[in-house]
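The next part holds the structures, each set out as structure tokens.
Each of the next two complexes has chain A plus one other chain: chain B in the first, chain C in the second.
Then we have the complex of A and B:
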């Protein structure tokens, strides 16, 4: 674990030092290439490490499904930096440093949150990720509405995670420990009263809002739309998964006897959300908002998969979370390349781009197909596993999930056709051709997704 | 940069001449009212107001990293080397040649071997006893 944390800490110092030594030499205005190198090197180290699920100390450990999330986090940080290069190019050097340090501190907290085995430590890191994200949204967003979005983001997640703190303290009071390593050997709690049911809800609501569950999702489209591209990427790719990860941890170890009955309304809500947010996507004019709602829709499936609590459900949730992390982040990058050229997020203003940016259309095509879960891609595998476990739970869920899958395909194709096909509007004359930087960015998002087809059991976790 | 837009070949000379009017109707004017509306909607933009100069003017090999051509190229090289060559290619090969994690592949091969062996011997694939009953020492009923 130190292997990941130490380089991350080093990145902080690095961001400082490059200013004086290397920045003038190698990377003048937006130089952070070396950090990417460092991250990538320690990425390969991490792959070696996920062979043996090791426990380093009582507070941090690698669990069988943890490395995927840490890997996703570490993979995304350099991508975020590459993607925001255009955004940050005009800023003075000090602000660039602050920005990079913000991103690295976010990564630091995320790694700690994913590797914590002590629930209070998990809670603290879960909350700590709020601050850098909030700063990214409210400081580096583009419109004045970002303050409103930041407010929504802060209060939705903060208000929902307060019950989690109370619930955790209560658990500590009852069992005497909050270590997940100890809790898994303790007797099942005797949960029968109404207060226990409230406690159950308190344990999960923080994660359900973070996921987000339909009904508590309003902060997400706002935050996504107003955040700069790096904020949208990390939000869609990792922060939502933090909720899923927390749910998996809590529901497996702590909440066991009650979850069977109490999860019923939440599953229904999640599946209803899949359909509803899909329908909302169909009438979006704002590209980033469309992608944000599509995230809500996919996360609804993940919530369903986790709450039915079967090995297939968990495996499907894990696969879908990883695949969706890469896909949605790629889509946000694509939306940003449009935004940098057209200076609007509106779909209607950026149509027919295949004419001018043909190679970018290829990336749009792959990303849209990944979003609608084309057969060999991990997205489909995750959805299939979740759908199967949901049908096993109740056949009636097929109506909702089936409709959801259809609608997902519709809005993904709608997004692709609207932005890429058709004649070029007359106001789009002098567009920049797509840069190598953007192609690198998209390749680094989508090639791992395609490579996962060939080695699926890296992310299949429970069943393989 | 504009030579990379093949579909705009027809409009290219017009663009290079740097007309102050950016929106020119290609179709023949059908009536005076329509033309007036278009010019009112899109007043000719001042060139200095635009504020964005294409980086390709200064550096035709622009990669999108930096305005300085040297920094730009080195950024591109380092990015592609570490992103594609190291992480994806070497990392992919590394993962491909990792040893069998948790002996899953071995277990599958072994299971297939045992199935073939048992089918040849004509015994059921799975015994109905989880433990070998001969090895279980049961306390006698009468002896106390």
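Then we have the complex of A and C:
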């Protein structure tokens, strides 16, 4: 793990010292980061044979069942830089360096967050990721609404994570340690009072808002839409999964006997949110907003899968998180290719693109199919596992999840048909042809997803 | 009556055909002509931009921008009426409680069956 943590740290300095031309900066940055990602891939593939945790030191470890998030982060950073190339081309060099340093610091905090063994360190990194993201959204977003979006993002996540801090400090007082290594062997806590129920809720609310759960999801469409493409990518692909990862850890360790009864309202919110946000998606005229609400919908399923606390539920949640990370990021990149050409996110303005950019249509097609969970893609595998564990929990959930799957298919197809099929608007001229950078970006997003069809063991987690 | 003249890039629409005017009031005709004048001005602007050989950008339609902004930002204009409150309850509050009730009774029944020993476990490869 030192192999990719230390280079990430050094990338900060590298961003400052490189040559003054943009192309050099971008190519070198993304090249180096891809190398880091490759090291990580190698490590993760080796991890498939481990049985226990690998420790760097007592404070950081990589478990054999949750290493994929670090891989996702490392994989995404070069993709983020490649995708920002166009809109950063006009900025002065120091601002480009700042942008790349913000992205790199995000990767650094995320690696530390996903490999932390001490819960306070995880909490610190969880909070630390807020700052670079806020800076990216509010400084480099495209509309005036980005300030509002940044405020919503910051305050929703910050306010909901304060109870988590209190809960963690309480836990430290009760058990004397917050290290995951020790907590897993400590005695189960005696959670019987009303205050303990509040403590339970305090532990989980931060992650539920981050996921996001349907009732507290308002920050997500704003933040995803107003952020520049790299901000949208990292938000959709990794920061949401930070919530899922945190929930999995907390539920496995300390939240035990209360979760049986107290998880009911949150499962209800999550499943109802799948249906409701799916219906909202069908009504959207803003392309990025559609993809943002579809993220909420998929994450609702993930929350449902985690909160039923069965091995299949956790495995399904893990698979869906990884697959959704790649898919959602790919869709945001595609929406950005549209935006770069017509400078509008309106879905009605760039229609019938299959006639003009047929190769990009292929990527749109694959990404839309992945979004609607087509077999044999891992998106479907994750959804099936979650659906199965939910049906085992209560057969009535099928009504909601079945409707959710139908609605997901309909809005994914709606998005594909609106942007690619149909009449080409007559006033659209001077559309750039698809750059090879865009093809590279989409290939690097979707090829791992397609390759995961052939070796799903890599992300199957517990049940392998 | 008709101050409306046909312009080079905007022909006379059918609703403004003088032969159709016989049963309409003067007020109505004047209003229709005014609206037609505005519309034809917009059409003329659109045609100018469409046929401009130096244009590289998208033609901005302010009506579309206003409409999509209105679709995306309804919250400042929300007014709690009977209908909106009913919709909020039906889609936001009642389903939560109804689903909680459904899941709770189903699970409690299962729990009671398990405690009484009457629960048939079907074969489950895993859970």
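Methods note: the second predicted complex is superposed on the first by the 430 of 464 C-alpha atoms of A that agree within 3 Å, B and C clash if a C-alpha of one lies under 4 Å from a C-alpha of the other, contacts with A are read in each partner's own complex, and residues count from 1 in each chain.
Following the convention adopted for this analysis, a contact is a pair of C-beta atoms (placed from the backbone, for glycine too) under 8 Å apart; a residue touches a chain by one contact, two chains touch by 3 or more.
Remember, it's a predicted structure, so these values are computed and weren't measured experimentally.
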item	value
Which of chain B and chain C A:265 touches, first, second, both or neither	second
Chain B versus chain C as contact partner of A:310, first or second or both or neither	second
Which superposed partner A:276 touches (first chain B, second chain C, both, neither)	second
Residues of chain A touched, compared between chain B and chain C (which is higher)	B
Partner chain(s) touched by A:430 [first = chain B, second = chain C, both, neither]	both
Touching partner for A:440 - first (chain B), second (chain C), both, neither	first
Which superposed partner A:349 touches (first chain B, second chain C, both, neither)	second
Touched partner set for A:458, first chain B, second chain C, both or neither	first
Partner chain in contact with A:397 - chain B first, chain C second, else both or neither	second
Touching partner for A:289 - first (chain B), second (chain C), both, neither	second
Doubly contacted chain A residues - partners chain C and chain B	426-427, 429-430
Chain A partner contacts - residues on chain B that touch it in the complex	1-2, 4-5, 7-8, 11, 15, 22-23, 26, 42, 54-56, 62-68, 71, 74-76, 78-80, 82-84, 86-88, 90-92, 94-96, 98-99, 101, 104
Sites on chain C touched by chain A in the complex	46, 49-50, 55-59, 64, 67-68, 71-72, 91, 95-96, 99-100, 102-104, 106-107, 124, 126-127
Residues of chain A touching chain C in the complex	264-265, 267-269, 271-272, 276, 283-286, 289, 310-312, 342-344, 346, 348-349, 389, 392-397, 400, 426-430, 463
Contact footprint of chain B on chain A as seen in their complex	26-31, 33-34, 36-37, 40-41, 43-44, 47-48, 51, 78, 82, 85-86, 89, 355-356, 424, 426-427, 429-433, 435-438, 440, 443-444, 447-448, 451, 455, 457-458, 464
